[in-house]
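Which chain is which? They are A, B and C, in the order written, and residues in each are numbered from 1.
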Amino acid sequence: MTEMSNTHVRLVRLALIVGLIAIWEFYARFISTSSLIAGPSDVAMAWWPKVMGEPRVRTAVGITLIELAVAFAMSVVFGMLIGILIGLTNIGRRSMYPIVLLLYGIPQAIILPLFVLVFGLGPASKIAFGFSHGIFPVIVNTIAGMRNVSPHLLAGSAAMGASRAQQVRYVIFPHMVTTVFAGLRLAMTLTLLGVILAEIFVSQGGIGFFTLLYSETFNPAALMALVLTLALMAIALNELVRLVEARFSRWKD
Amino acid sequence: MAMPREPVLIRSIQFGLVAILFGTWWFVTQSSQKLMLLLPRPELVWREMQLLWSSGRLWAAATITVTEIVKAYVIAVVAGILVGFLVTRSKNLVRIFEPMLAGMFAIPLTLFFPLFVVFFGIGPDSKIAYAATYSFFPIALNTIAGFSSVDELYLRAVRSMGASSIQQFRHVYLPGALPVTLTGLRIGFFICIASVLGGETLAAAAGVGKSIALSAELMETARLYAWIAFVVLASVVLNLLALAAETRSERE
Amino acid sequence: MISIDHVSMTFVGREASQTVVALDDVSLKIRQGEFVCLLGPSGCGKSTLLAIIGGMLRAIAGTVNVDRAPVNGPRPNDIAYVFQESTLLPWYTVLDNFRLALKFQGIDDTSWRDRAMHALSAVDMTQFANHYPKQLSGGMKQRINLARGLCVGTNVLLLDEPFAALDEQTRMVLGEDLSMLLARTGKTIVFVTHSLAEAVFLADRIVVMTARPGKIKAEINVPHPHPRSPDFMLAPEFGKIRNELYAILRDEIRATVARMREARDARG
């Protein structure tokens, strides 16, 4: 079996995607009689002016992005702080880390209603929920980054006369930061997950209002237009974070 | 370095923390009346928990939720392993599909949940479809990784000794791919649970998530905490079981 | 006996620039019971040639016959193949690995255990029969791989740099054992290596290959009888043959290094 060239692979992928969209369009237009199925052309027509053309929708999307940014920044900062505090001592890590993992494993959807009760219907609850999602991978990566510094590097720096404080500053801390950056994409994905979940849940405003509106008025085209727009933004954000990650990992082999 | 006292110290810290947490909760609710709405007294929560248990409402909701989880997981496992295995039949297929699957998994699929509700309605089907879709990805991706990671060297060696395709699959592919595939199944399982609960919280007719959303809406905070407590307990037990299974398989 | 007639091999890469001509019209005849070494610089196609003899690869031109029958795929009853790295399946014990080797060959009766233990005792590894490969060192694993290759009872044994991943001392010991072992079995053996000393010590005949595309440059006979003791390495005959090999190879090695530098510079 011969391997395809890279361009060939990309072309096949593109062809697949185009093909799927074509089948979707064909099905929606000619086969399905349900008003619940919208084809790509319907979605495209609904996109502007009905969805993104509507200023309130744009505002909702904009607010969501701001909530995401705030929640993400908080996750990274506080995640690293907590991670450092836990990972600093052996005892601290061995006692706290399992608790962190257990908390990480709890399906957070169940505390969403509580968060909304406590933080209200505004951006605060969405930021809080995004934060509670994104903070865990950062904590886990921070602790891991502190633990798995190569003993060779530590031995080497000690041999050159570095004090413990210098080792922390020049060896352990940078290594930890790069490990955190390696996990940044996961943190971003989870934070986004939390923010979106909260937004959809709170249907009194924001994106949730419009998803509910389009659902209840049986407007699948508009719903899909909104959802796909957000999905594309998510992909773009993912790519952005991946570029940042790559930039900071250039020294890695 | 490991002193025999250490595990005891660790456990004490852990239990101590939990005790402090509950203690603070109890103390705060004793003295202040203001938080009553958001932070009910522990005794009230405990009473609600007992009520949910004895009245059967816990079991009714749990049955619905667990059924949804099981159905969704079975679909995801069958589809995920099948697709994952088929993709690894050719290196070209892997190069075409793996990045696509990985890319789709990176989007919070929660975005698409409203679409599932529009198509499948507010009943269990939308949750099953959504959770099955979400957990399909880590299973398929890990199956691909698992079967791709089987060292060509072993396959060549075994072929040179005359192994048939079935023998190659049974003695090289399967054992080689198993560890990574199992990890995918584990990740998929927890994603399945989270997705079902998430879906139920957002839009459902019944189930644990629905009960939680409902008690919040009705401001029945003690009951809300009770529901949350049950789910947290179940989740902790599941996680500990998964951890135990993992450490045991690693030891082999 | 092995007959290689006008074999050529080309590897097609993903991009046109990655196409490689590995072998160019190679012909060779190997007698029954002969121990032949394929020797040459890196990338000269010796491993490729071995893979073609063993039926693991199909040449794009030419034929290979083993015991008068053409080789179109693996022939587990006639040809045993020992790889450079251990191919013991890590999820089975040593003994189970032997059992599988025989089962793949079609032998599924109760004789497998005796055959396995017999093969293990030939390489002094019987006490590790129930161990898992990861519990063994590299040298031990390669002994066992060798034993497995002998255990299946084929006429032909192909070895692809089996000692390459081992340290020098282990190599010397295993080389001695190989020489003794094989002297007793009378098998036809083709052994790929890029160690000159190894080739002279083990082989009856050394086939020297050119740098890529691989052709046969020279054939040198080593008339010393088997089994060979380590003292053979001190004999003047040994040094003479070795120097001869070095002289033949030197140009080929230089050519290979030059090409590698060229390729590296082109990549930038």
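Methods note: contacts are C-beta pairs under 8 Å (C-beta built on N, C-alpha and C of every residue); 3 or more make two chains touch, one makes a residue touch a chain.
None of the values given here were measured: they were computed from a predicted structure.
If each chain is drawn as a node and touching chains are joined, the picture has every node linked to every other.
Farthest chain from subunit A (centres taken as the mean of C-alpha atoms): C.
Here A-C and A-B are compared, and the pair linked by more C-beta contacts is A-B. Between subunit A and subunit C, the centres computed from C-alpha atoms are 52 Å apart. Centre-to-centre spacing of subunit A and subunit B amounts to 18 Å, using the average Cα coordinate of each chain.
Counting partners per residue, subunit A has 3-4 as the residues that reach two or more other chains.
In the complex of the two chains, the subunit B residues touching subunit C come out as 153-154, 156-164, 167, 171-172, 175-176.
On the subunit A side of its complex with subunit B, the touching residues are 1, 3-4, 9, 12-13, 16, 36-37, 91, 94-96, 98-99, 101-102, 105-114, 116-118, 185, 189, 192-193, 196-197, 200-201, 211-212, 214-215, 218, 220, 223-224, 227, 230-231, 234-235, 238.
Subunit C makes touch with subunit A in their complex at residues 12-15. Of all residues in subunit B, only 6, 9-11, 13-14, 17, 38, 90-92, 95-96, 99-100, 103, 106-108, 110-115, 117-119, 190, 193-194, 197-198, 200-202, 208-209, 212-213, 215-217, 219, 221, 224-225, 227-228, 231-232, 235-236, 238-240, 243 touch subunit A in the complex they form.
Across the complex, subunit A meets subunit C through its residues 2-6.
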